[in-house]
Amino acid sequence: MTESQDFPFHHRLRVRWTEVDMQGVVFFGHYVTYFDLAMAEYFRAMGRPYPDGLVAGGGDLFVKKVDCEYFGSARYDDLLDIGVRTARLGRSSLTLAVAVTRDGETLAAGEVVYVHADPESRQSVPLPEDLRASIEAFDAG
Amino acid sequence: MTESQDFPFHHRLRVRWTEVDMQGVVFFGHYVTYFDLAMAEYFRAMGRPYPDGLVAGGGDLFVKKVDCEYFGSARYDDLLDIGVRTARLGRSSLTLAVAVTRDGETLAAGEVVYVHADPESRQSVPLPEDLRASIEAFDAG
Amino acid sequence: MTESQDFPFHHRLRVRWTEVDMQGVVFFGHYVTYFDLAMAEYFRAMGRPYPDGLVAGGGDLFVKKVDCEYFGSARYDDLLDIGVRTARLGRSSLTLAVAVTRDGETLAAGEVVYVHADPESRQSVPLPEDLRASIEAFDAG
Amino acid sequence: MTESQDFPFHHRLRVRWTEVDMQGVVFFGHYVTYFDLAMAEYFRAMGRPYPDGLVAGGGDLFVKKVDCEYFGSARYDDLLDIGVRTARLGRSSLTLAVAVTRDGETLAAGEVVYVHADPESRQSVPLPEDLRASIEAFDAG
């Protein structure tokens, strides 16, 4: 299981009433929204706010794959910590690792794979060098 | 309370798991989403699907006001009927009346006021005559 | 239009990607969710977190009515301020006034009416005196 | 890529306005909600509506893992077909395969792994034999 200290960036949020289901726990799909929120804050903290700071130069980032594994259940009003780091930088792809924790207990963890591609043709395009450099510098602390 | 038979159009939907809160009832804000879904189907049935069929000619419809009164609670898996009609046609505004019923029992009812305006200046613009005619013909049955 | 300084409590939030529609503005129904979020924080700040701190003693608070008027459009990443105050305290009802502002500009404002009732019979029950006292003290600052 | 004809069950739905983002496509996280909706209908069609028909006998089904791969983008008003089948039946786990298609084109496909466990201890418990039999009979057609 991913350790909290492995993440160069953490976003904190409080579970909303509308995110909790009739069993009193956060609906499993909403963790993917939490991933998205934390990834947006990760890029903002890097000085590359989504979408404009992130995808200058013609290409765009498309989500290619997401997975999430569940280890526990978040409840209404819980304060969650969502850690984000870049797990892999490919030629034209970018994989973020994300973990949702509460008081140090990992509730969910997963990865989101982005492909950098031409918005028209959807052909992959190499990641811009300056984005690559920003990510590496940010994750190195 | 609005009677079900007053509506020229009815949209049916099933309550989703993600719309029900930890008290086992649909979150009150989601009724506004139900209103929106049913209004979109109302305009589609009229031959004026939102947004393109509805707002040709330069103006656009902006929501100016919404209200909703609650009389009961929808639950998971409930089959709901959402009635829609145009309650008022102003010079540049359009008020829809909407009611959410389950087996003939009204659970919620309200109105949505749209203003037809210029997207840039936000100055109100008279409703197109053909839209007015479509609505009057549709509601007259 | 409600003035920002009229509110004893303000909750700040950032507009999420998932709350913005294809016209680049927050879907009108999501303002009701913003109302709900801010009201929950209002009661938490009062020392009466929803639901347990709010509804001891057998009765429960049910939303009876909501209305919202729109004056502008929130966009992705906007930082919003949501002001909350109790507008009316009835024998068994409670009306909250809420306004959503961005940099001092009011984007939406409305009211939410709660009725204090028996969860089984849905008959209204007088508001507990201590809740009434908490609200009056909190709003008086 | 999963072929549409591989699925014993299909659920159809129309993309909602609130599910589309400012780039005009369905937010990637909402596909997981589509999975959930279709899985609920799959079990309903099987005569085992979630949650009561599914989890009698003390155990409950918990989502352990979800993954989704994206091949295209759904847009506002699209009519989607969501195919569901049971991909694996373990001793105490259940894996559903799901694919979202539009006019025969696969837009997204993935799997959801459920574990059958004791709600208190979260220890895994063998799947009830009658649930196993229902699933096998339903998927065999």
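Letters are used for the chains, namely A, B, C and D, taken in the order the chains are written, and counting of residues starts over at 1 for each.
The working rule: a contact is a pair of C-beta atoms (placed from the backbone, for glycine too) under 8 Å apart; a residue touches a chain by one contact, two chains touch by 3 or more.
The model shown is predicted, which means the values in this text are computed figures rather than measured ones.
Enquirer: By the contact definition above, name the pair with the higher C-beta contact count: B-C or C-D.
Expert: B-C
Enquirer: Find the chain most remote from subunit B, comparing centres computed as mean CA coordinates.
Expert: Relative to subunit B, the chain with the farthest C-alpha centre is A.
Enquirer: When the C-alpha atoms of subunit C and subunit D are each averaged to a single point, how far apart are the two points in Å?
Expert: Spacing between the chain centres: roughly 36 Å.
Enquirer: As a quick test, compute the distance in whole Å between the mean CA positions of subunit A and subunit C.
Expert: From the centre of subunit A to the centre of subunit C is 30 Å.
Enquirer: In whole angstrom, how far does the Cα centroid of subunit B sit from the Cα centroid of subunit C?
Expert: One centre to the other, that is 23 Å.
Enquirer: Multi-chain contacts in subunit B: which residues touch at least two other chains?
Expert: Residue numbers touching two or more other chains: 17-18, 23, 27, 29-30, 33, 36.
Enquirer: Within their complex, state which residues of subunit C touch subunit A.
Expert: Going through subunit C, the ones touching subunit A are 16-18, 33, 36-37, 40, 49-50, 77.
Enquirer: Sort out for me which residues of subunit B touch subunit C in the complex.
Expert: Going by the criterion above, the answer is residues 23, 27-30, 32-33, 35-36, 51, 62-70.
Enquirer: Which subunit D residues qualify as touching subunit C in the complex?
Expert: Within the complex, subunit D touches subunit C at residues 17-18, 20-24, 27, 29-30, 76.
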